[in-house]
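Order of writing sets the labels: A, B and C. Residues in every chain begin at 1.
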Amino acid sequence: MHTRRQASIAAVLVVFTIVAVVGLTAGAGTAVTPKRGGELRIARIEDSQSFDKTNVFQNESIWLTQQLMEQLYAVGRDGRTLKPWLATSHTVSNGGKRYTFRLREGVRFSNGQPMTAADVKFSLDDARAQSKGWGFLDIAIKNVQVRDPQTVVINLKYRWAPFLADIALFSNAIIPKDFAGEKRAEFYKHPVGTGPFMWDKRVVGQSVTFKRNPYYWQKGKPYLDSVTWSFVSDQNTRELQLRGGQIEIDEFPPFNSIKKLNNTPGITMRLFPSTRTDYLLMNESYAPLADRNVRRAISYAIDRKSIVRSVLFGFGKPANSFMPPQVPFYDPNAPGIQYSMAKARAELAKSEFPEGFKVDLQVGAGEQVDNAIGQILQQSLKKLGITVTFKQVDTSTAFANIQERKYQLGFSYWTMDIADPDELVTFAVDPKGGGADSFFTGYNNPAVVKLSQQAQREVNVAKRRALYKQIQRIAAEDAFMGFLYYSPFRYAFSKKVHGFVVYPLGNYHLEDVWLD
Amino acid sequence: MASVAVSAVEAPVVAEHRGFRQRWYRTPSFVAGASILGAIVVVAILAPVVTWHDPVEQNLVNLLQGPSWSHPLGTDDLGRDIWTRLVYGARTDLRIAVLAVLFPFVLGTTAGLIAGYFGGRTDTVANWLVSVVVAFPFYVLIIALVFALGPGTRNIFIAITIVGWVSYARIVRGEVLVAKRQEYVLAAHAGGLSSARIIGRHLLPNVITQAVVFAMSDIVLVILAIVTLGYLGLGVQPPTPDWGRMIADGQTYLTTHWWLSTIPGIAIVVTALGLSLLADGIADLLRPE
Amino acid sequence: MSLAGYAARRLLQMIPIALGVTLLVFFLIHLVPGDPARTMLGTRATPERIALLHEEWGLDEPLPVQYWRFLSRLVHGDLGASLFYSVPAGRLVMERLPVTLWLIGLGTLLSVAIAVPLATLAAAKRDRPTDHVVRAVPLVGLGFPSFWIGIMLLLAFALNSGRAFPVGGYGEGFLGHLHAMFLPALTVALAISPILIRSLRASLLEVLESDYVATARSKGLPERRVLIRHGLRNAVISMVTVLGVNIGFLVGGTLVVEQVFALPGVGQLMINSIFQRDFPVVQAVTLAFTIMVVLVYLTTDIIHAALDPRVRFD
């Protein structure tokens, strides 16, 4: 009796020990601790033009400046919510015209200086003043005041719904006041900020290297010692470099490589939800395209599903609105026109050009996806009696032609800069307000313009949503552009890379990344 | 600079014409080259007979297929039959290449004849012009011209002509410089024949041979230039099938479906082979026995 | 006329040519549609922003004025600054030049190493199977575009079999450069060797069958001596000329190879600056290329003149 009891106790103890040991070791295995150190090498399709965050429009420059300089509020992983970043909180007063920001304590620039409200005021005033740059996004600001070293007050001229999203724009990131004693142009050649990394070196046309910021406010981060972006324009070479271990991240591999890269040992292929939307632009200066029925016919003739399947290899989604799904107030039920040849014919019959017409399609040279889609479009429209002539020009000329409205059909796309629909909507449907003639199409529907301007001032979320829903509906029915597809950001990277996440606006937070 | 003749041959060439007609079928290079080229040209002409698909007809469900009975070389990234596009591409490319060599040939030969024969001021100016164009980086000029003129095959002709005439001018001028000191020219001159007669009747047939030989290899170079333009996205406009375009379109697929770029490449190599052999053959024939 | 005099005269002739080239490129690049301001601003370009950039860059003045400014700065050795990178254009070119020189130099060396033995073989076995094979096979290098050859070489030697070479890039240090430049130089060499082989073979054959050699042979000189002594000399002359033409073509023709192997060379700089309409850089690159090409032709002309006394009357 005594022995059996001892035996059972012993048995239980043994079992318990085994379970405990197994549990502990299993826990130690799954508790993944980031490793410190290492150099991350990224190969990309373009080289950075400049690091002047207030005047540069190129994504490949913007995404890098964001590693050096940070904003008061930052966009979250869903691409929509705004999180406190260099500011910890804010209050709104004076009928929505005054924002008071409380700054985070203990934040320092990479040169060791502490960040104070004076730096914030200087940065925002500098950004606002850039009339040929991003200053336009800050026009609602009347003034910026320093209340105390940890508090900044921003007074607006009028109620402005997108304000917090605008503050989170990369252009409004915080730099040391008086450019840390340098001249403006010199400063922006190697900017100083509060970001996880600081400037190291650059070889123009080849590579840019940043190294760890020892004063970074998020303790323990960044994990990486340094990051280098190299410019490798040939996509096959980038892929081979990744497979050969010369780089860790390959930016934008072509769609047809995705499946293969995914199946390559040691490599992960990730498709991050993005705000990128691609469009077929229809210039209303060309008579047939000013006809609403013609535009609707063309839109009906675009077989988006087929395009996604064959050109994007399934890695995309047909677009139903000119706004992408990640943007606040996107309407998943917006009646964007989808494929139907029967309806296309019906629309064309109702138009002023029932027999069809000739039209030029401008495509950027080297844009493989646009080229393929253009050829598919050429075939579809031929069935309607619309003869499409390809005009392949280099990208610079293509840009110029589109902006000067010297094209008939053309391709373009948009990625969001802020977590608010206003910038895109104004650009796309408000010919004067957006300064771009409604995305260079000349579309002018007074009802939509009015709705857009209303939505800018409407701070009530529910009411705003209703306004944007209407805008999307009318825009879809007017078919002012052919909404083509939404596509993800494509990155292939080595399995040694952890924590690499690309946000819907295209930026990434490298302070979260670590290497095996 | 242009005073250096490309060939170091200086020999009376009047006798060669008779030899040519009698010897061509005994010159292996010539026969081989002509056969290969002839085969390609015949296939290109008979395109509708040897192919059974439409070169621009897409089939988005049947992309990137491997070889099959219906598609002996498979389908491309938009489901079009590769064999058909290869054959129709031959038409496009041969036509473009021949024309893009013909214009510079005519222009350059004329310029070379005039500059070489008359010498003096004309020659100096022509020399300067040739040197400027020659010194200019070839691709910078071509690309800038294609940009300036806009897309389209016609503008490619113009660009290549503007750049390409210089080689012929140099060659012909070099030959003329040597030939005009020959007995028969001096005799004709002394006999009171007009310059035009001398140039057209006596000089031209004798100096043209080197230019013709060069033209053969120039055709290959032109096809390659068009392929490079295609790589940069500036070549023949879709949906016209063209080897350069096929190679450029296949570039994205090099690591997954490598044959898309390779097949048209092989076609170019075979054409280049034919042309090289032909050029060698002509050069062989024209060399004095 | 002495050799030195010939060389001096040629050198002097270089100046109006270089000027002619700068004039040509200046007006050409400005005639081309597209605007660097628009490229920089992308979708957010507005007339006001464009005008501001034009003013900043001095692009709002009439063309002749701009050309005059360019020339007067050029005389002081100032080539202007890149519109996009804000660094002096001349410095950009100088930084990239070594890469391209490596490529052209090593490529030419390799092509000669390939061409000479093959051409000699072909000439010696004229019209026999060896001859045909030797002349046909290198055409693969000519027919396939360089990006195809480049990627295939990378796949074969940089990736699969033992990672013998790096995948693109320039490397560090002399040996590093040699290692990294081998495959790209090979790509270049494969492209130009067919032409070299053919012309070398042709001139070898010409010499072999010329009276001069026939006489030497009839005098009883050994075959090999005949071939080497007289054949090679003429062959060198013609090869020098053809090489000169090829190098001239290569200058600026390496851009595709540079793109494929991610080499930060002048060719890549050129293509990017043309696409972006970065005028000062395009001008600087063209000037650099022109000088290189002119020097190459000058050198080949001088060598030719030195070796072949027949060519001097002009």
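Here, contacts are C-beta pairs under 8 Å (C-beta built on N, C-alpha and C of every residue); 3 or more make two chains touch, one makes a residue touch a chain.
Given the structure is predicted, the values throughout are model-derived calculations rather than measurements.
*Asks:* Would you mind checking which chain's mean C-alpha position lies nearest the centre of all protein C-alpha atoms?
*Replies:* C
*Asks:* Weigh B-C against A-B on C-beta contact pairs and write down the one with more.
*Replies:* Greater number of contacting C-beta pairs: B-C.
*Asks:* Considering only mean CA positions as chain centres, point out the chain farthest from chain B.
*Replies:* In terms of C-alpha centroids, the chain at the greatest distance from chain B is A.
*Asks:* Rounded to the nearest whole Å, what is the centre-to-centre distance of chain A and chain C, using the mean of the C-alpha atoms as each centre?
*Replies:* Those two chain centres are 41 Å apart.
*Asks:* What whole-number Å value describes the gap between the mean CA coordinates of chain B and chain C?
*Replies:* So the centroids are 21 Å from each other.
*Asks:* Report, in whole Å, the distance between the mean C-alpha point of chain A and the mean C-alpha point of chain B.
*Replies:* Here the centre of chain B sits 48 Å away from the centre of chain A.
*Asks:* Quick one: which residues in chain A touch 2 or more of the other chains?
*Replies:* 236, 240, 394, 397
*Asks:* Check each residue of chain B and list the ones that touch at least two other chains.
*Replies:* Answer for chain B, listing residues that touch two or more other chains: 147, 232, 251, 254-255.
*Asks:* Two or more other chains touching the same residue: where does that happen in chain C?
*Replies:* Expected reply: 32-34, 147, 151, 155.
*Asks:* Considering the complex alone, what residue numbers of chain A touch chain B?
*Replies:* Going by the criterion above, the answer is residues 235-236, 239-240, 254, 256-257, 260, 303, 306, 309-310, 364-368, 371-372, 374-376, 378-379, 389-394, 397.
*Asks:* Under the stated contact criterion, what part of chain C meets chain A in this complex?
*Replies:* Contacts found on chain C: 32-36, 38-46, 48-49, 52-53, 82, 84-87, 92, 95-96, 147, 151, 154-155, 158-159, 163, 166-169, 259-262, 264, 268-269, 272, 275-277.
*Asks:* So in the complex, the part of chain B that touches chain A is made up of which residues?
*Replies:* 56-58, 60-61, 63, 77-79, 147, 150-151, 232-234, 237-239, 249, 251-257
*Asks:* Of all residues in chain B, which touch chain C in the complex?
*Replies:* These residues of chain B touch chain C: 1, 3-10, 28-29, 32, 128, 131-132, 134-141, 143-145, 147-148, 177, 217, 220, 224, 227-228, 231-232, 247, 251, 254-255, 261-262, 265-266, 268-273, 276-277, 279-280, 283, 287.
*Asks:* Tell me, which parts of chain A touch chain C in their complex?
*Replies:* 43, 47, 49-50, 57-58, 131-133, 185, 189, 203-206, 230-234, 236-237, 240-241, 243-244, 246, 394-397, 399-401, 403, 412, 414, 427, 435-436
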